[in-house]
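Look for subunit A in each of the two complexes below; its partner is subunit B in the first and subunit C in the second.
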Partner chain A sequence: MSEFRIVEKEECVPNIHKLVVSVPKIAQKTQPGQFILVMVDEKSERIPLTLADWDPDTGTIVFFVQELGLSTTKMAYMEVSDSFYSIVGPLGEPAHLKKFGSVVVAGGCFGLGGIYSIAKELKGLGNHIISILEAKNESLLYYEEEFQEISDEIIFVTSDGSRGIKGHVYDVLEDMISIQKRKIDHIKVIGCNVMMSKVAKLTKELGNIPTYATVSSIMVDGTGMCGACRLTYDGKTRFACVDGPEFDAHKVDWDELIGVRNTAYIREESLSLQNFSPQCRSLTKFLEKNSEKESV
Partner chain B sequence: MPSQPPSVRAKNFREVPYGYSEEMALTEASRCLNCKKPKCVEGCPVRVPIPEFISLIQEGKFLEAAWKIKERNVLPAICGRVCPQETQCEGVCIRGKKEKPVAIGNLERFVADYERLSGFIPKPLIVKKNGRKVAIIGSGPSGLTVAGDLIKLGYGVTVFEAFHRGGGVLVYGIPEFRLPKSVVEYEIRNLKNQGVEFVYNNVIGRIRTIDELFSKEGFDAIYIGVGAGLPVFMNIPGENLKGVYSANEYLTRSNLMKAYLYPDYNTPLVRGKNVVVVGGGNVAMDSARTALRLDAENVYIVYRRSREQMPARLEEVHHAEEEGIQFKLLSNPVEIFGDDQGRIYKIKCQRYKLGEPDKSGRARPIPIEGEFFELETDLLIVSIGNKANPLITMTTPDLEVNEWGNIVIDEFGRTSKPFVYAGGDIVTGAATVISAMGAGRCAAIAIHEDLFPEKKEEPESIVTPIEIIKVKEAAIYTNSTVINISLINKSDKELDKVRISVSHVQELFEQTLLDTTIMRWLPNEIHELECPRIHENEKDYLLSVKDISGILLSKILNVEQIMK
Partner chain C sequence: MTKWMNINGKRVVFEEGETVLEVATKAGIYIPTLCARPDLPSIGACRLCIVDIEGGRGYPNSCTLPAREGMVVRTATPDLQAVRRNILQLILAEHPSYCLVCKEQNDCAKLRHGEYKAGRVIGCYTCSHKELCEIRKLVEYLRVKEIRFPILYKDLPLERDDPFLVRDYNLCILCARCIRACQDVLGYSAISLTKRGHDTKVGTLLEVSHLESGCVFCGHCIDVCPTGALTARGSSWFGTPDRSVTTTCVLCSHGCQMVADARWNKVVNVHPPYELSARREYCVKGRFCIPALMNGRERLKYPTIKRKIIQEEHFPVSWDEVFTYTAEKLKQYKPEEIGILISPSLLDEAIFLLSRFAKKISNHNIVYDDEGLKDLASRGIKVLFATYSTKLFTEIKDLDFLILQDIYESPYPNIADVIFPTTTFTEESGTKTGDDFIKYEINKVVDPPGDALPSWMIVSRLAQIMGLEGFSFDSVINLQDEISRNDPINVPLVPKESFEYMGIPISNKVSELELYLDAKRVLNKSKGESMLDVRI
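Presenting the complex of A and B:
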């Protein structure tokens, strides 16, 4: 049996896939907030993905992938019992977790999976969990049941208002803090960098509420060797792969991360995707079967 | 050595020198004087028996020559290509005093390539397993050396590698045109054939800590050879702009992830028209030459000191220059400017002059106030060195590190933690492939000594095993209080860490009179010892000589016989 085999795969909402992969060594060792670097095949890039769940007993790990660039699109074409070329992990420092009191865990789009593991652990530590789950449309909300189980309160927010509140995570937070005057001790957020930067700006203005964000960066090796994932944190250069990926959101230079670091390869990314012509899988399998028959 | 013409090779990733033909190798080998006391061997960190392998070339025994090297160096095809020979073996060659030194590196490369291309795959040595397991962290040059040495001694050897391919810096750092990856793959395949297990995609420090390797996986010793993997940046404005890379990132993308074959391989790389590489080492040369091959029009090396102080290998500087790399010496960037898209478009550099030598012995560069110039550039590669990667030391609190985060070891590679050894760049900071291999060899000996310590009791019978060491002469001069013994290495092998002891045995009481270790013992070399006598009446002395593989000589010296 090869390593890194997919044991379960589901397109939970359009374009977002839940993958369960067998990697016992990683499943035994992961802590909330850590990530893996994945290569689909020998020619792939190495892309970082935050782990949503893991089970040391079955030796499986769970992560969510949003089809966006080439590697994630390739993953969408993979099927159960296919194998990844390489999975390295767990990488990064675990999220900073303890009993804070009342904690908001906010996730958007592909970030729902990543924030889940953090929320689950925080709940176990005796915190009051307020989950805020964001998506563009009600049909894009996933992992709901899992969040219901571990949340004391759960708030849905959609850009078009089709479910819950209309708006974004930061709109909900603003309402909770400045209008409802709720006391919030700690905020954890995972989602796109733009959303996280806006949350950071808001919570800084509203009395410096401790806010920790798991940044999304471009990475190559994930061990601190290359510096591709560097960002400016508190005026100093930090590497997301070894110093993070969770950072105090108030100290991250978001403009640089969003506008400069993470847009370095936009041209190449779209070119890669245009070059991608997936093989028709059923045809390949048909041909494989035929050749087997012939050899028999 | 014949090479691709500069204008051709600057546009492809194939290896630059073609290598020797057999005739050329024979001609070059005939220049070797086969010195009695070969300086070249002393200049080599792993002490390759250079005159011996060159004599074998002279006789046309190319395969045998390759095997001769492999007695001391498990990776000759790699060392022949990447060693800084001009400061090592070739730098001290006698022929070099009047003319060109013997091209030892080229000859080493030739025989290693000859062996590889001959289709001869070395048969795995059948070694009795000794039951001990050693973990090696990092599959770079030092890790591979330790693996090669220990597998021959019967250890179970597992190499953990963070990347999906083995070779460490040989694969991610050194470009294809300088070291073809097929060469590295061949060496790794050889080690696999011999029984070394390679575990890829495992970042030790994360997936397992050092302590867990001992407790959960049952390893008896661990060697850390993870290299210096934390790039140093210049800390100047604009360093995070698009188009600014650490050399590590640039080379890893190009070499390991094969971005030079983009988009067939998916990892992209910014291709610059005007490229600036900051630094003067081999890594800087590699980056500059890679950029040139990726369609750059102008490639500049910006370096604070002058050409003489450049740490790069002479051949690399020479090749870079031939290919059209432009050197902007005695200058250093002070600011990087970006456009509204956050993309680099120019840099500002300050001019420097040379001052008094600093601690490293090189002239200290001093900035000249007010003298600046600008360079238009769309790709900047920072190649000013690496710090120690903290992933392992961070998770192993009882591992002593120095103020720069490098692991502290004793002269044999032992760290402060029992049964943990280290070597290569994680100990020394950025250095060469061959010095990392030298450190690996040293640590392999230490591991063997610690896991199979010499038994305390002396052998009961005095049966001389293999007479590798012989007593050439033993004498007591009139009125002398010492016995003079001279020993000679009769084998054709160089011996490491030979321990010589002389003791006096009387009934059950044993007294050691002399105990000394000789670190390196060349073939036919004579060592003279002076051993104190206890009393005139005591006549018998036990002389024993050992190295890691066992007893080399055990003999009773009888004073009366000696005096005759």
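Presenting the complex of A and C:
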């Protein structure tokens, strides 16, 4: 069995962990917009994570995890040189990319990592990149330097106005489109489903600007067998794992995705944390300290 | 002589030694505060309880100001409220309060009203404490709509290396309630304010872990915390409970009153009632272990009978079938061949009916522990009705038929012939006699898993099917009347140091406790104390 060793781990901002893992096979084959399914240990669930970056030469992949439930908490407790139980990928269809012209790339929360690979590829295709990065507070913005490199314009938005514009991604977009009357050919957005649904609603009203969103849904196998990631797209049932994860945001039934699909297992998810007990690190530290004392 | 003072134009009576805050609270006048609590000594840390004294200079804290004869106090003048608003904004500037100024606040509250999980709290919507948060209540009361100061995130590491406790001092407002509860009320001094000036934070001496600091993991710091800085791992993230029921802990005979919060028909948190939250010392078992102990996946749900089809296996059957089967079997044996083993953790009603049952079908006295069971075994019993599982079952030579009433699958070789799934004390109502023959009330919090029945009901129905007299009770109240007409039964007490419930080692089901005990034993050993002596 191959190993999925963590090469680098960092909590860039509270709750968001950047992980660099050595998986040469995935690093060689990934295309922007594709995702992986990660299992922390034998009994853990499988969670889908969009890749932020990959390097075919060193064989490493980079992804961001927002610490939320049991599996992601377990990931947060992992340390460099720990190994995942399994990583499956690359899965899903690559993002829809070509030369559009002027492209808005918007990311919020955990989405900043996922949107980066798409933005980088779009830049390479000769598009004019306008990056909009959203967070609650300036202390929660990350991956800034990387975005500076690939963006023609970069806009920061915070809920409390501590950095850049006060508000949300859709406020900036509304301002750009209806007040500044700028021409935007294409919009790519990754973030929480609520944010993406609001962006979709806005761009539909403001002249149907092509908007593509990478949906976040619950997944189990990632190959179209279980149907856990199903959503209604254009009146038909689609699977986010094989038909997506990128969809035309105007055709997704966001209310169903947010209110029904993604909250279906909230009870089990919360109760699973009830008997979670990580390794007692304070004891480990104490023992280390004691053994040092003895050796002195 | 009665003493009088004037608060907001109202003449109120007071006693010598009372503070203005206490007098006002008694008179039903609200003064906002974040750090004062009736059960803790006041230190005047938050400065929100300031009042205006006629003829006095400045605005003193009402929580530390002794009431004087003839004092004229105003508690909510426009000036005071303006100062309070400023103070609150300063507190909010060091607390992740971005959500309070976010324009999507109302929509967000609708979408994320209940449960939400997060590694650490980065705003109200990720906070498990949001419904109880005293800061949010004050923001509403003072109508703070914006924060004039830049909001700073302290970026302190999340302290979660210790068992049970998760501490995020990024949310801490330095009200020092936890310190006062620990130091002044309970007398442990595990935590104190460390460092000075802007770096001030709650911590242990020399920043050692809580395990080494003398912390007894009673959880009172969590109970008094006005923010979400201190939480119990495993009991956060459930949002507002569907209901909270006051009941009594039965893990030992101490009779600690507690409040059990239920969500989705599961116990999700157990904490002391508000009045007791800083006064009585709770133990690590009762404060932290109950939810995980009650909600284990291996809880028994359906009655089963062991049958041999291909190999001997337990098959789930209906209660009627298992009772008829057991009754038939029991009738085949003589009274001297039947023994009854009772867990002292059972409620009074169950013990009463079981002892009555024992008098009718058995010649032996009921026994309560493994010692008693050995004695029974030496008298040659062939049938045993056990209400907890023990590894001694396999050592009874002539055992033909074993009836096991239990809550969990046995951790020992399962040789029972029939199994009755029963309820834990959070799943039934009744009474429990504790230390000094005090009867405590047990209230049902949640429904039992599957078809599990309260123990008294199992005995009552089994006895009725066997045709025995005196077991027909339609409710627990009728049964309690009957108990009060009979002599009390002397049930052995469960010591506080017991780590078992109904024969189940609690640490088998609660991984945090296992961790805690292991850690404590290692620490004891390093101090040269006995390995097994874990004080709780």
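Details
Quick note on the criterion: the second predicted complex is superposed on the first by the 278 of 296 C-alpha atoms of A that agree within 3 Å, B and C clash if a C-alpha of one lies under 4 Å from a C-alpha of the other, contacts with A are read in each partner's own complex, and residues count from 1 in each chain.
As a convention for this text, contacts are C-beta pairs under 8 Å (C-beta built on N, C-alpha and C of every residue); 3 or more make two chains touch, one makes a residue touch a chain.
On a predicted model such as this, the values are computed, not experimentally measured, just so you know.
Of the two partner chains placed by superposition, A:80 touches none, neither subunit B nor subunit C.
After overlaying the two complexes on the shared chain, residue contacts for A:287 are found with subunit C alone; subunit B is out of touch.
In the superposition on chain A, A:125 makes contact with neither subunit B nor subunit C. In the superposition on chain A, A:194 makes contact with subunit C only, not with subunit B.
Touch criterion not met for A:7: it reaches neither subunit B nor subunit C. Once chain A of one complex is fitted onto chain A of the other, the partner contacts of A:222 are limited to subunit B, with no touch recorded for subunit C. When both complexes are overlaid on chain A, the residue A:139 reaches subunit C alone and has no touch with subunit B.
Once the two complexes are laid over each other on the shared chain, residue contacts for A:162 go to subunit C alone; subunit B is not touched. Judged by the touch definition given at the top, the superposed model places A:275 against both subunit B and subunit C.
Residues common to the contacts of subunit A with subunit B and with subunit C across the two structures: 269, 271, 275. By the touch criterion given at the top, residues 3, 25-26, 29, 39, 43-46, 70-71, 85-91, 220-228, 230-232, 237, 242, 256, 259-261, 263-265, 268-269, 271-272, 275 of subunit A touch subunit B in their complex.
Contacts from subunit A toward subunit C in the complex involve residues 14-15, 66-69, 72-73, 76, 136-137, 139-140, 158-162, 167-168, 194, 258, 266-267, 269-271, 273-278, 280-283, 285-287, 290. The part of subunit C that touches subunit A in the complex is made up of residues 96, 98-99, 101-104, 111, 115, 117-120, 122-123, 126, 147, 150-153, 155, 160-163, 170, 209-212, 233-238, 263-264, 266, 268, 291-292, 295-296, 509-512, 514-516, 518-519, 522-523, 526. Within the complex formed with subunit A, the subunit B residues making contact are 162-164, 172, 200-203, 206-208, 229-231, 233, 235, 239-243, 245-246, 248-249, 252-253, 257-258, 262-268, 270, 338, 341-342, 389-391.
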